[in-house]
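Can you keep this structure in mind? I'll have questions shortly.
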């Protein structure tokens, strides 16, 4: 399954495809793609019988994104900060990032969890919606928009889901003050 | 303004008031209205082991128009607050409110610096008669709360109070 | 939809179900567009009991977040406890003593039974039968007694610790659990006689609210909802954790996809839970219940970790992002009913109001877990 | 009975109202007790001995409660509706024979009168629901009406069968015909009668909006149905009307099928107060069954309910009518009896 997936993903020009230690990480494959490839990745996984378990965001204000610690082989040149030592506020780091994480899983007995992540510019967090393809993504995207203000272009209704109807704040941003 | 002796009234309302109070205290119909965890304990109080019916208080009415007491059982979020307020307003007088659980008392465990979502206590919205602490309070605590409310209405206690040793 | 029953001029009106409504089991609001009693469109509105769990996760230490997991899904709190300790132990590489794992399984399965019992009662209450609720509560009280004796609370348990349990059980708990298994096995046939075989109930549930397996996949539905649609997926089997691989149990699957199938899945699961508890009691080893080398201050290595467990309502997933400090950087809680409910809009289209409420009941909603 | 006419009327008026009020109150108490014992609880017990003062407390509470007339309702319909439910129910008691001589007005068309009043009852529900200006109440009212219309038909067909059998519409005469022990009750008149009784009983349940046909107030669907917006005594009057209707339904079933005030065995007296005793004993037994059913079964849906009526009960009741007619008219011809 994993090798098949890897070769499938190769066609999407991913920024990183990393096999992870399931025992520690809880997932098998960590894929990073650009915002323009999120829908393609969803389509690919949907075609292979995966289902979308959750979508969430992570706000990396003033920090270097940690998460996928790439092995040296697959380090991508477009993604230098991921290879840096994690946990330290990069003083000379480039613009802050906002990350969107998609968790995919299977129900047919094959144990394979895939994480697709997409890092966005924090100043302008926009990426296309996958809710047209996977209706279950609708609410997850709305929730992510609620919490982080990430805009899913093409989503039919990004009005607050969990927050009050008139909420104009995004509480899980790290610079949020009540 | 000294002491003036008033003529005793022809119709005495005080005994009638007492009767009304007795009637009201013994027939406290709560609203079917659960907000969060405490609602389950509220249901448990109405169920077989604890049996709120003994005090005539098991008639959970789903319509606020027919309730006497609102048991605020759970966290009031800011989104929910207008609805809770409306429900309170829709209840006919005389009405009472029991704040069940820490969330309804003060926001409970969900209060932290920078919280953006909850109302810190039901008494921020409307007057509360009885507070029942706990997270969630045991059914016995809710029964004690009902007895406490009865005492508040009639002025005397149904069962002897159990003192902590 | 029956064409005759539709009003000729397609006149619709909006009915607000909730946020305070007896059928929503809490503070869910469903905006129904109705044509007579037929539902043209249903839009659940969430967030009425949004309690900021994910924000709180970023504000307190790893240990301090523990009680929050109990307040997510208050009916199956131990599953959530388990999910959380599991992912942190995974990140820290902590070894949990075997006895602790067995006790986790025993308590979590007891909790699952309690949750299913309450659902059973509340579901029949939705259908207008009041008495089964009280019977279910009666049995549930026995479980709560047992769990209270070890965990100290009746509802919002906080029993597991990173690396084990907060305290060991005594003999009373073990004998009490065995007695309870015997008792519930005797009571279950009564439930089936009173409720499952009732012709009114069968008529109301058969072929109502059919969810296809494909629809469940598209919406990410899990748990009994998915298993009622014929998909054999249970995290305990498919992604074995704890000591589940050593226990012999079946995952009930029904392929009809209607409300009756979901009902039967849960009722059969009670049976299976009893089997699991019984076996776990037999196999319960002696030993410590807490790992020895658990650091006082937890600092999982930077990175993100994902863990999933089978909660009473489906797959509870938890994604933690650590930046190497003693405070989580991000805590994502993937609640099963959130996804299960998201298919409600599509599934309820064209149903009658009572059938739509039966469908909602059969999804087994716990609102604070959806809103988080 | 030596009372002069005006006094007689007054006595019965007071008596009936007291009977209805007392029964409504104590049937609620009984219902709560029965429900409690079915569910493994105790039920009301703290207010007075055995909780006997509970209805009194509830009554005082309801009467002293604020009467809300919400904004947006039709004030006239809203206020009239509870009365439209209660008054016809009370009026129906006029022709009910409690004992051999204990009947307010022994009208020859008593049965017809009761059904005339019973159909006013549904107007109360409709107007209450409509006047409340509440969507749940309107849905509930619509349900109640379609349910009542559907169930009045098999009920009336069954009643016509009984009229054919007894050739009278006078309730007291019907009872007198059933004298002489349990086997003379109409329930055993011919093999079809148990079915007719069952149909009548089911229809009576549906007419009174009781579980499993309580679609009108379906708590988990429609909050509280047509009386969602009623507070205090408005709600209390609806409740009294509901229980009065249950008593009427059960009384009719007893009169038509179970021998009214006749004692089940000839050696037991049914004179004077004994007649009242037998009558009430039978009625309360049926009421107990009604409660028993309520606390056992889940609710049907509207479709199931209407299907039951139109597709099952009406054809069967017509068949019973036909067969009974045949038995009455054809059987004597064959056997040669006059």
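Note that the chains take the letters A, B, C and D in the order they are written out, and that residue 1 is the start of every chain.
Rule of thumb we're sticking to: a residue touches a chain if its C-beta (ideal position, glycine included) is under 8 Å from a C-beta of that chain, and two chains touch if they have at least 3 such contacts.
On a predicted model such as this, the values are computed, not experimentally measured, just so you know.
The chain occupying the central position, as judged from C-alpha centroids, is C.
Averaged C-alpha coordinates give centres for chain B and chain C that are 30 Å from one another. Averaging C-alpha coordinates per chain places the centre of chain A 27 Å away from that of chain C.
Centres computed as Cα averages put chain B at a distance of 37 Å from chain D. Chain centres here are Cα averages; for chain A and chain D they lie 65 Å apart.
Contacts with at least two other chains are made by residues 39-41, 219, 223 of chain D.
Counting partners per residue, chain A has 163-164, 171 as the residues that reach two or more other chains.
Among all residues of chain B, those that touch two or more other chains are 47-48, 62, 79, 113-117. Touching pairs of chains, sorted by label, consist of A-B, A-C, B-C, B-D, C-D. Interface of chain B with chain C (complex): residues 31-37, 39-41, 43-44, 47-49, 62, 64, 74-75, 77, 79-80, 83, 87, 109-110, 112-118, 135-136, 138.
By the touch criterion stated above, chain C contacts chain B in their complex at residues 19-22, 25-27, 47-52, 55-56, 59-60, 67-68, 71, 74-75, 118, 133-135, 137-138, 140-141, 154-156, 367-368, 371. Residues 78-79, 113-117 of chain B are the ones touching chain A in the complex. Note for the complex: chain D touches chain B at residues 32, 36, 39-47, 51, 53-54, 56-62, 64-68, 70, 219, 223-224, 227-232, 235. Residue ranges of chain D in contact with chain C, taken from their complex: 35, 38-41, 135-136, 139, 211-212, 214, 218-221, 223, 295-304.
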